[in-house]
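Structure in structure tokens, see below.
Labels A, B, C and D are assigned to the chains in the order they are written; within every chain, residues are numbered from 1.
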């Protein structure tokens, strides 16, 4: 019945890449300009993120010009926020949404999904998190916030 | 754990006296005059009784001049109403209340109490009912109604 | 006999209580399943395994036991969702019983806002709530409280002499003023099966919210919430071979999203500040506090058991036994069944009857002395009894473990009752 | 070590889950009992026996199984009444958990009538409800809903830096406007034991209703409802070695009689007519529908188990272990306990702490990898966390089965956590 894993897997969860992003988060802080700001909470533990997105027009549709944030949370949620910002900033929104979907699939795969390093880059370090159901929510918090904020901007401009 | 009893005790429950009162209830019907009327219900089964009391002044305090009633219910509740009316009509309220108490003690005694025939007369036939917890409520319905009605009159006149 | 569950004797072995003997060595003939059903060993075992090996609080716990308990609990939600064909697992709310589920809707509607454009809104004078005369008290009193508190009006469908809904004044009952229609799918007293989809269709034409009490339907027949037409549908665990302490409220997401919170507390929140709080999405919004965890696990096992038997076969068994019982009861002099008796009419397994000259209490007592367990009283359906001019009735109710021999035992015990009370032919 | 339960190893054998091993063969070190407690075999066995041999619906059934089930259910009510010193068994209401019990009071007060002359009345603008900043969300959100809905004002006691109620502004908080004071006896986050009797005395001077959340008190210490000064006191079964799905609301008869009904339905009625209904007396008035029967039976067995151990000794054990834990935690560099740490001050067994440089989630995760189960988050007490300027914390909570060796394992695991995250001395 159990799908959670024991001590020997701790290193699978806390990959060096994750701990590095945790100690030195990329793109942290709230910046101007932005078109949407959202606030997401993990009700179980109280982790929170305030996140802003700034989109600009590109040749093939909108582009993620900037993602800035203020987040309180555990190593997994903080590192995930940092990796997410790395992955989506500078990408066309459409491509960024596809990356979001890939990350979601990885996280919900209960450890059975093999991630594509070309797409997810540092994000592949989260493959181990998928084996810890209680932590999946941590890894997804800011991704969900980003998607929400982006959807808000797209709706406004639609 | 069980205190209910099986088929062999059916005759202990349905004493001839009870069946007789059931078939020919004494003092049935609603009559004038009366000082208080109450309506009591057994919420579990829906049995109901409407009951009136008529008290008069006696040398040593009030006397139960009449008890009249309209009752719908099972053999136990109908017979108990009939026996109750027999027992209290004509008695000083104080004595009637003492009889009420004796009947209550018998009913709540789980079959361990030996009734006093001099006091309870036909009421002793209910000794077997005390062994059937689900039926105790039936036997007490009209006794409770009578007590309630009597208390109402006493309060009014106090 | 056609329609009976194959391997009925094997099925009966799944239920430990059925081999119990009563006072005087009488075997148990349990014909009170509409009141509560018996539990198969697999349900009990699953609960024991949970308590002995996986017990922890759910959602809140980050440790292995917590993950196991949460998984077991949420798996039960998946099982319920698939059992009733819920479009989304999030639409399945665990309550303590069917009564709480019905009250949840009625109680929160007192505080709801909106214009009813999507079947939720605020209620006031001029608005109507429509129920039926055959409802269980748990689907009457909540609406009485709601209408008393909001100034809305309570109306109801009457019943025909045959125990069916009197739909002749449908057009005057379902009108533009109707905001809520709440009705039972299968009557727990009369056994009547109501045309819920048809009534839901009519109710939706006027924009009313449709609440279906499926407490007696889910145990007995295949239920698909979407096909039922309901906006909200409730049932209770203990009547479908699950434990007490658990009920289910299914509701369309749009409806549940609009209803204000019911109980406030742990797990139903998003953020709590002393000055005010925001609430979680469904299902958590309606599950304040520690939920009935081991009970959900037990209910999950119960519905798996029913699924494995096959609800079509459970329904066929129920119908076969009910038909056999109606035939048997017809042989008892002075016995009158309330509710549908026409073999052509689909009906549920609850059969309430009167026996001339003996009060239901006395019938139940004599039956009990022979090990036959039935219910006597108004079965929490006093208005339906009043409709038929009786104070109370005797009810037999069968289930998937009931045998024709048990029905024979009932009929014999009724004959014995008549002779015990010296009734002539 | 003084104060420990004699025969602790024997007591532990009563709890099957305690001999479980986790992933990697780790033994379980369960330090999450404030979240939910583990269950002794006798509780599980009593529930199984009930389900296998005595299952039936209560109150409504007239047959032998029904009589047995009713008797077992009502015996549980007697056990609860005597365990908490209730003046009358009728004042003991079974709910589904503590959260429902608190909501029952807050929800019905929205509809109550009267002038508060006997501590129940109608609420409106100008009236105040007083809680505290250390409440569990289940004792905050219901009062937010009530005050929002009635126009009354919600106020609260703040906390001192030491984690106690700040009583310095007691006189400005408890005033003629105060209608309800609801507070926890023992904090589930800080472990603080509040002076409920003293606060009740003050509240009664202004005629306010006093509600005590004893969810963390009943498991840990002898509780006498009369001595507590409460008008209403609630607790939850699963935290005192009982099952989920059952909670208790005790209330003084006078108060319960005045509160309007909460859930409407089966068993809470006297007479139902379509036009209107009358209600049963307590306790049934507040127990609509099929109650949590097997859960009540389990709770009865649980309280008998605690009674047989002796609540004085359970309390002494909790205090000894808590003291030992506070001493052990004090040796961990960078660890800060929130709540009372002074050995002279009585406190409950929940100890929440921060560890510099590691987030509570990460602490709980590393601890879990060593079999040590604690809780990380806000423990449904977000305002109290905000008060201490933190988002979340790690909480260990012991119970009667906790050993000093388990505390040692916790402290070692915390040291390991520090080294895992490469924190220096």
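Definition applied: a contact is a pair of C-beta atoms (placed from the backbone, for glycine too) under 8 Å apart; a residue touches a chain by one contact, two chains touch by 3 or more.
In this text the structure is predicted, and so the values were computed from the model without any measurement.
Two chain pairs, B-D and A-D, are compared here, and A-D has more C-beta pairs in contact (counted per touch definition above). Seen from the C-alpha centroid of chain C, the farthest chain centroid is that of A.
Put simply, the C-alpha centre of chain B and that of chain D have 44 angstrom between them. Note: centroid distance chain A to chain B, computed from Cα atoms, is 76 Å. Between the Cα centres of chain B and chain C there is a gap of 37 Å. Residue positions 22-23, 54, 60-62, 64, 66, 267, 269, 271, 361, 365, 368, 376-377, 382 of chain C are each in touch with at least two other chains. Multi-chain contact residues of chain A (touching two or more other chains) are listed as 2, 4, 6, 44-45, 132, 135. Of all residues in chain C, those touching chain B in their complex are 22-24, 26, 359-362, 365-366, 368-371, 376-378, 382, 385, 391-392, 420-421. Residue ranges on chain D touching chain B, taken from their complex, read 54, 59-62, 64, 66-68, 70-72, 267, 269-271, 280, 284. Those residues of chain A that touch chain C in the complex are listed here as 1-4, 6, 41, 43-45, 132-135. Contact residues on chain C toward chain D in their complex (touch as defined above): 16-17, 20, 22-23, 28, 30, 32, 35-36, 38-39, 43-44, 47-48, 51-57, 60-66, 96-100, 102-103, 106-107, 111, 133, 136-142, 144-145, 148-149, 154, 156, 236, 238, 243-247, 261-269, 271-274, 276-277, 288-295, 361, 364-365, 367-368, 372-377, 379-380, 382-383, 386. By the touch rule above, chain B contacts chain C in their complex via residues 2, 4-10, 13-14, 19, 44-48, 72-78, 132, 135, 138.
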